[in-house]
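A, B, C and D are the chain letters, set down in written order, and residue numbers restart from 1 in every chain.
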């Protein structure tokens, strides 16, 4: 998972310094997609080479101090990236922080990538054996070098025409070497390209920033700029979403506006990651035309029908499963009432010398609302279970506080298979649902009962208000739940 | 507002390094009471002079790195303090970070204070004119110097008896110079004193840390240590609350246990800050025997009775007013459904060059769940309104998202008067409710209707399950709402 | 050792922001007197309470960033302090960083102290038993509290007269409780006091900052301000030294100028630390009317007469003993030629896993000029030997580079006794000269011969151009060399 | 200017963690060649891909904390680079910090470069148009990509033979595309290449690290490892220099030892930068077989013959011109005596609000030894004059201190032309000697007389003890003094 955003100032608009602030704000809104590192790149729109770059490890608010982003004040195009925390891998070096920037034969370009390229390894070896040195092991650098090669080989014809700076064809050629998964922003000195893979695996939308938020009252509105982002929640307040980039589509955004410049053959049905709905995306984001929060409420309602139980209250595990819990409560008629307080100030855990203290650290993250729990039969709704460690401790907290019954309801199917398209899911060996029966899990987690949403139930929730374009057959990747990968994996 | 905590290891317990971790965890749980700075002080229990100190500006998780707190690993008594952000005042120096530590004639003592001493200024002048230099303008240093003087003048009799290190009488003499408001922890090399002012204005509780969390199953439990804290949510998971310190009571905690050593004449009725229920305390904290979250739900229920309205959904302003909103929904029968997503990654705002961008920063903190809002009549419940700036913008977001009606319901009475007992409420000039009629506020905030909970309604909610000790008549300070201050103010 | 400086802007002078820069520059010039921490305090000259403070651990250039010192831009009086590195003691807390600032009955005062008070412990106990709490174990806080008491008790008479703010008498009363060693700056909101103990143990001078550096050409000069500092090298470029504060003298500096306000009975002869000449003071500083560099050259000349040797070159140990080496060369007629290059970029040593590497770290600090050393008979002049570790390695480097003979000449007598007046000399147990004969040292250090300057020789060098005031009999403290302490030590 | 170092552990040697410490020590010894940033790269000698990298901005001692370099503890080959401060250029990004590391078809390689490639721009464009993207504008990345291409195209033949990992031929092919100026270290997973351009413009030497420092006494010595470095001063204490890399030579260093593997046709005469002698190199470094300090003393002696004057003392401008001043003094018979003290604690200057204070900052760096200056006729020797600003202020300090005459003697010829081979000399417009006559400079600097060393004089000093290999005709680049560039410049 990563978050990407790009902003372009409209041709007539004067707003020095606004773009980097909107970009940093946007990355803050996308922070849930990646907290390891972040970067911003800006171009003044005139010099083909002079890009300004600010990068760092940590949260957006730590990296992009006012002083840091002021280096981009002259930019009319800005692009940014939040990098996902890849715990367990090698210590990330600053070279890996995106966007990746390269000088090419026709000027500097920058790449921001969300996803994971299936088949990257062979393309990478091909590049190395063609004599290209690579300074990181990121997909972004590989794409950057492939684009650099593509534009260099087509340089001449560009100079002759009036298409200076249009690299859409080279991007199409380059990216057709890969199937999935990528949502990509590519920035030249005067253009931004938003590209989504033919499977439409990762989200990407495009919008216009207007001069005022409300178009009512007859006052005229005009475009201040244009924006592309992983999720609509990252758009500036006065922006309106124009489109979700279609599977296989390349959209060009320049100071003159937004236009679709290329359509790679889309895969039908598409394979949009269903876990974006379950867990990754923010509740107020619009995906496939529908609000994520509404889909989550719907999963709760279907779950209540699939796995009903007689109980006193329905509780969430804050903050991730609130929508599903509300849906479950609504459908079941059992009142929604929190059982847990979540302390938002908890940071990294202190290293704990013994088990009692180690549990203490996890416990410290949650406080039990004892009066709500004591002598109550509780339906605890969560969005998913990975290893089960934290859930076991939470359940124990409820018992300690005097709960009478604890019925765990998961608003998604069991997580059983690894993801090769950008999500850092542990290997099957570590996934509790891949290794235990429902009864074993009930015992291990210490719950009165445990039920999951069915795959069909999840699909139903996701399809309810889904909007799709003519000629594009909507579909979802459920590989981590079903093992059905959308493309053949060669390893 | 500040948060204080103290921990003492039981006499037979061996757990090197546990205390500073539990203290840091406790301060994390109390972080909502103060985020400006924090400090921890530890004593090994043997040397009367050698206290170890760790202090810093910022959040607990930033200051108390594993390396930093390891300096306190040998401590058997640890005391900590979270300092409230006093925006607008002079830049805080590191000298002001509590606990305040002084060498005295009988050894080192440390002071951690929550509250604000009415009458401090005259005592402060008295000390200065007696020839004591003060290096900060904190109440804590003033108390420290007064205690230093009290123990120095009674030094001899102490040596003759077997009461070495017992300074309870000196504390009683010292603190009786003040009326309110203080909840105080005082630490000597081998003891901790928990003191609450005779009005009981600020919370303070005391508990025992047990060897296991659940006492069931016949397994025996023993005490690992003792703890005092501003709120029960800061107690370690395996601790149980023994008592809330009574108004005017001095409780001594040593490695041998907890005992009440002094009772100053309590003021009847007491004047416990009612805003602890409304806003400050954490939902899972127990105050006066009742769970704060339950009181807040009750305020919502009463508010629904006092100010009913026909609407489609009841929404909260995350994260502070969720309990009241749930109460309102339950009482009114209107479904509870969120309208807003709150981004927990938002840090300090970027400095904004113009109004549009400045609003953008506030807006960025919240995302509207448009599908839930469009064409809906919304009851928006919040806990309080101070200046009204943020609320105005939130309401506008709802209108922009297509709300049909926005009924604002505040689960506390209008905030009209300043607080001189520890809360950083702006002057009446800045308080919107002190300057505008209900109609003016409705217009300014742009809401369809605005209603507040009545003072009686709040009192009713607070009194519902309230537990008080015999001889102590419970009462609440409502000065910020009514102007009735519990003590005469001489300025 | 510490360095102190104070600056006062002249009454008619307008130079906002100049004082803190000059103070930081001055502390940089005094950095050799202390590198552990530093602080600056400023007063705007009007408000008796509002002092601005900037403090930190580390070097002046690290602490006093432009942003940090700009907090003092409105100051018309500024005072600063460099703290000596006290390796081996407890970790210094920020509370210990001077100047020490206290609110008193008549306003805020700040104290900066160079020296170490003989008898502080009993005064400290006296204060504690009078009921004053002390928050550090520094002499500065003790003095601050004693001054706070003195001014509080004499407050009334002050108000009646026209002497508001003059605390010279209280300072005289306070400081006469101590004998030595102190050079002190005391700052009130509108005055600065420069005080030297009756023994004159530590240096302190006072000067005037003029509007131009050169008074020639008939152009008129006027005073921009006034300055007091540990050493004349810290005076701004356009300043001229007016006086060295006399033993026992209190000099008051205000915006109206400099005046001597009190003379405590001086001790005759005085006991100025002779090691200031040998090691501590900067070469371009004037002490007792003579340039330190000239005294050091003279020690070299006398040493050449006392301990002559036939050799090819005279070398220094950079950078401390250059002057003495030049003097030795001049007197002996043997050419001065460096043998060693010193790398000024060497910081803290890396922790070294084995002996070879550990020596490497020391060696890395110096590079041998092999061509100058090979087959040469070298006189290596250094200012002093403490433990002898580094010297042993340096000598070995010379042998390894092919030196024929290495004659070590020390331009001061053997260091044998601890100092209780402010110098961090290790205990006699660690001092090589206190434990070994000359022959043993020659063998241990591996030199062809070793000779020290005699005590009489050092006294002769120090007395050559010494200037003293009528009524003041000059003398020097040689305690670390002779064991003759200027005051009786009670421990 | 930059500094480079590489270390290889001998095959039988066990010394985990030693190499990164020796490398950091070496970079500290080379710190004078570059203070902007530094990097270290290490290989464990087995995995062809896994290089560990530590990089940062600032001084070696700030970047390479013990924790940071411990990441390289398993390395058996380590390579490091100090980057020169390129003030005025674009803010350097972390990407520019060398060594530059790339994955290639045959494994990872790292490049550290001292110098500036004449003709880099056209090669760079060639690479871009062949489709290689470049992420920095450094010569090192260009070289890295060219080597990556060269090894990729020759990959097959390598696998068949026994030469796995030997890339000397590819390096020879790659580097012959450039004339000058480069001293280069190239590291593969198991080898280090030290390469010097055919003109020999920048220094580079190779040595062996022995088990003990002194080979005398018949005790046997064995090799612990091998080292290559810009200057011999960076070699570990127990290392001995084996050779200076010859112009055009490629030396391979592996765990089995040092061997010369390729000799490009050297340019005769060579063009070693003469300013290495005048200014850049450390005094204890050996260049062309002679000690730099000795050459500098010789320039002083020749200068005394070329530009004699009757005076009282000869002084240096610390710390750069001490050797030349000593040489001048020796030749002239006028005593050497310092006039100035240099404060080594001075860091970045504080921003100064006005001219008087701005001068103060420069002045603060030096203290005048007034007693040595007053009424004296001074010969002030410096190594060079660039813009003349600082010198003007220094001279004024001497006049202000009462100097009778100030004769400025520069131990190198006038600096008149820019350098395109790695030295950051300002444009001719800013060089005082390129724009003013000797008389004008005397007046501007305010000196009694000004004389420079002649070009012939400098050449004489440099040639006195110079050692050259048979077949290599020694010569020096004097372009910045004479405008005679060693290669044709095409821009």
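Here is the rule we use: a residue touches a chain if its C-beta (ideal position, glycine included) is under 8 Å from a C-beta of that chain, and two chains touch if they have at least 3 such contacts.
If you're wondering where the values come from, they're calculated on a predicted model, not measured in any experiment.
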If you check the contacts of subunit A and subunit C, which chains show up for both? B, D
Could you tell me which chain lies farthest from subunit C when each chain's centre is the average position of its Cα atoms? A
Return the chain pair with more inter-chain C-beta contacts, choosing between C-D and B-C. C-D
Inter-centroid spacing, subunit C versus subunit B (mean Cα positions, whole Å): 48
CA centre of subunit C versus CA centre of subunit D: separation in Å? 37
Residues of subunit D that contact two or more other chains, please. none
Which chains are in touch, pair by pair? A-B, A-D, B-C, C-D
Seen from subunit D, its contact residues with subunit C in the complex are 15-18, 21-22, 24-25, 28-29, 31-32, 35, 59-62, 64, 66, 69, 213-214, 233, 236-238, 282-284, 286, 290-291, 293-294, 319, 322-323, 326, 330, 335-338, 341, 343-348, 350-354, 356-357, 359-361, 363-364, 367-372, 396-397, 399-400
Contacting residues of subunit A [partner subunit D, same complex]: 53, 55, 71, 91, 93-95, 100-105, 109, 125, 128-135, 137, 141, 144-145, 147-153, 155
